[in-house]
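Every chain is named by a letter (A, B, C and D) in the order it is written, and numbering of its residues begins at 1.
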Amino acid sequence: MPLPIEIVLFLFLLSTAIAIARLEDLFAAAMLTGIFSLLSAGLFTIMDAVDVAFTEAAVGAGVATVFILCTLSLTAKREYQQPTKVLPFIVVGITGAALIYGTLDMPAYGDPDAVTHRHLSAKFIEIEERAMFSQNEHAVESARHGNEEKAVGLPNIVTSILASYRGYDTFGEVTVIFTATIGVMLLLRGRRHKKSFTSQSRSDGNDVVKEQPMRMREKIILRVVSKAFIPFIFMFALYVQFHGDFGPGGGFQAGVIFAAGIILYGVIFGLDTMRSAVPERVLVYGIISGLILYGGVGIVSLLSGANFLDYDILDTHNPAHGQHLGILLVELGVGITVTCAMTTIFYGLAGRGKQ
Amino acid sequence: MVAVLEILSWTCLVVGPILCIIGGIGLLRLPDFYARTHAAGITDTLGAGLIILGLILQAGFSLVMVKLIFIIIFMLLINPGATHGLAKAAYAQGVKVESEEEELDAATD
Amino acid sequence: MHWLGLWHYWAVIILMMIGLYILIARDNLVKKVMGLSIFQVSVIMFYVSIAKIEGGTAPIIPESGNQLVYSNPLPHVLMLTAIVVGISTTALALALIVRIQEAYGTVEDGELNEIDGHSP
Amino acid sequence: MFIIAMTGVLLTMLIALIAALRGPTVFDRILAVNMFGTKTVLLIAVSGFLSGRPEWLDLALVYALVNFTGIIAVTKFSRFGNLASDHKRVKPW
């Protein structure tokens, strides 16, 4: 009998979500969002979405918690008590009922004959499988010509679709990250207004802030442990970056893991030390250069006479190698942009309190 | 030889979860924060370590085994480090050792 | 009993509604952002549960060359990018909240309305 | 047999979740969250073996590494109230 792992994890998720809704202590709620994303990543793994789980793990457990904590340090740590309102319950109830009514026409969970699985993705899987199993190059070539379809020929179908079939879409997503980071920089880089409020003007008893000088040797164990671990995190990020063609991983995940390593350094050693190790100016250039690398691959393929982001043209003798080169470069661009964007956002949010 | 490895790995895979659950019960029932760190320590190092060790014995010589060894090393170094930082922070914030207080109260009564 | 096969979607929808409730019923802006991220995760989970095929495995072709059933990779691709985009837009929202705190001295929705002169 | 390990891990996750929801002080919650993170690593590892494709332990590795960042950030926040201060002196803001 198979274990009802999914049911158990869903129950955990629901109770965590309800607890987040009920808690007035925002710090505790922030920690529960960490648990929430750990649980959801576990559920993604059970549902076969390893790449999604990878991203959620890196984002939710490390970076998202840090960002929310940075914001909490600048605002209040507790929310005001408020009476339970009836109207939101009614709205939510009606919306939920409507959505559940909508699912009644959907195919059952895990149905292999569902409409979703029959069109585009079935074709992708078929092409990629054929390209993978016909090991020698000629077979790949003939598979291409025979089918009039382009194949990528990498084990990880998700990476193939992400960087090649839907490369245009991913380019758009990277641009969104770029734009959002510019927005954060514009909002938080400016000098703070003189008579601005801080959270200390309305401290509410739960303020954990205490001004206490701290000597270096007090944190010696944490410093040594993290010093030993940060290189491993970076090495692992590089592995994820370049192994993403063969296993779960890729530019997005690697970027977030790399940023998590840099943020760990900043949290342990302080923002000033972090600034001298990773200057903000470099990060700004990094965001731009990653995006340019991605777009540049597209422009090169355009200038060579193919479509935008058509990597076949990058190696005229063997289009499969061209595909692999293109995906490598594009993922590298994504990784650089995401790393620098996440670190810049951390600088913005954490550095705001120090000015 | 294979049978010995099998028995060893299954023993690890059974004892590990039991230790995890025992530590979990300790996390719920022990009186104060510092005692609870001890309970968490059982699950995080010994329980988790035994489960991973059982998986290593199941995996045999492969890349999977290397990754599992890395996980076990990371766990054994990270968790005590994090718990140490936590206990230090709790001490700096003035979290009390409850059981000791009760004893003191009992002594003064 | 076709309906019983749909409970994954229902669980996801309940999760989504909890996020929506936090978003519309709570006054604190940071709490609203947390609700938004719950909502976002549940939308992602909805897509992932659509992609699942019974008896399938993750869409990574093994080197051994066995023929396997793979879950649908297309929703995974869309959701993977959505998570990273989601965290950067969340960061933008948090930056806006920090600026609101500096300008108004509060992040409670009701107080903000009072300061702006609207009745809540 | 993996099922026994899985059941044990899920039970421990339940206990850690209860502790995180209940925890009287902030530090109890952090402790429970840390334990929960470790148990998630085990869940991923065991479920890989349970489903017969244990190649994806990268996922468990990323948890083990990235969870550390989160826990350290939470610990520092609980002690200093911000994440920016350096190790020599906490500057008032």
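Observations
Simple rule for what comes next: a contact is a pair of C-beta atoms (placed from the backbone, for glycine too) under 8 Å apart; a residue touches a chain by one contact, two chains touch by 3 or more.
The shown structure was predicted, so the numbers you read here are calculated from the model rather than taken from an experiment.
Set side by side, B-D and A-B show the greater C-beta contact count at B-D. Centre-to-centre separation between subunit A and subunit C, using Cα means, comes to 13 Å.
Averaging C-alpha coordinates per chain places the centre of subunit A 30 Å away from that of subunit B. The distance from the centre of subunit A to the centre of subunit D, with each centre set as the mean of the Cα atoms, comes to 18 Å.
Within subunit C, the positions touching two or more other chains are listed as 57-58, 60, 62. Counting partner chains per residue, subunit A shows two or more touched chains at residues 30, 50, 63, 70, 72, 208, 212, 219, 222, 226, 229, 232, 247-248.
Contacts with at least two other chains are made by residues 7, 30, 55-56, 58, 61, 65, 67-68, 72, 76, 78-79 of subunit D. Looking at which chains touch one another, you get A-B, A-C, A-D, B-D, C-D.
Interface of subunit D with subunit A (complex): residues 3, 6-7, 10, 13-14, 17, 20-21, 23, 26, 29-30, 33, 36-37, 40, 43-44, 47, 55-56, 58-59, 61-63, 65-70, 72-74, 76-93.
Per the touch definition, subunit C reaches subunit A in the complex via residues 2-3, 5-11, 13-22, 24-31, 33-35, 37-38, 41, 44-45, 48-63, 65, 67, 69-92, 94-99, 101-108.
Of all the residues in subunit B, the ones that touch subunit A in their complex are 74, 77-78, 81, 84-85, 88, 92-93.
Those residues of subunit B that touch subunit D in the shared complex are 10, 13-14, 16-18, 20-21, 23-25, 27-28, 33, 36-37, 40, 43-44, 47-48, 51-52, 54-55, 58-59, 63-64, 67-68, 70-71, 74-75, 78-79, 81-83, 85-86, 89-90, 92-93, 95.
Residue ranges on subunit C touching subunit D, taken from their complex, read 57-58, 60, 62.
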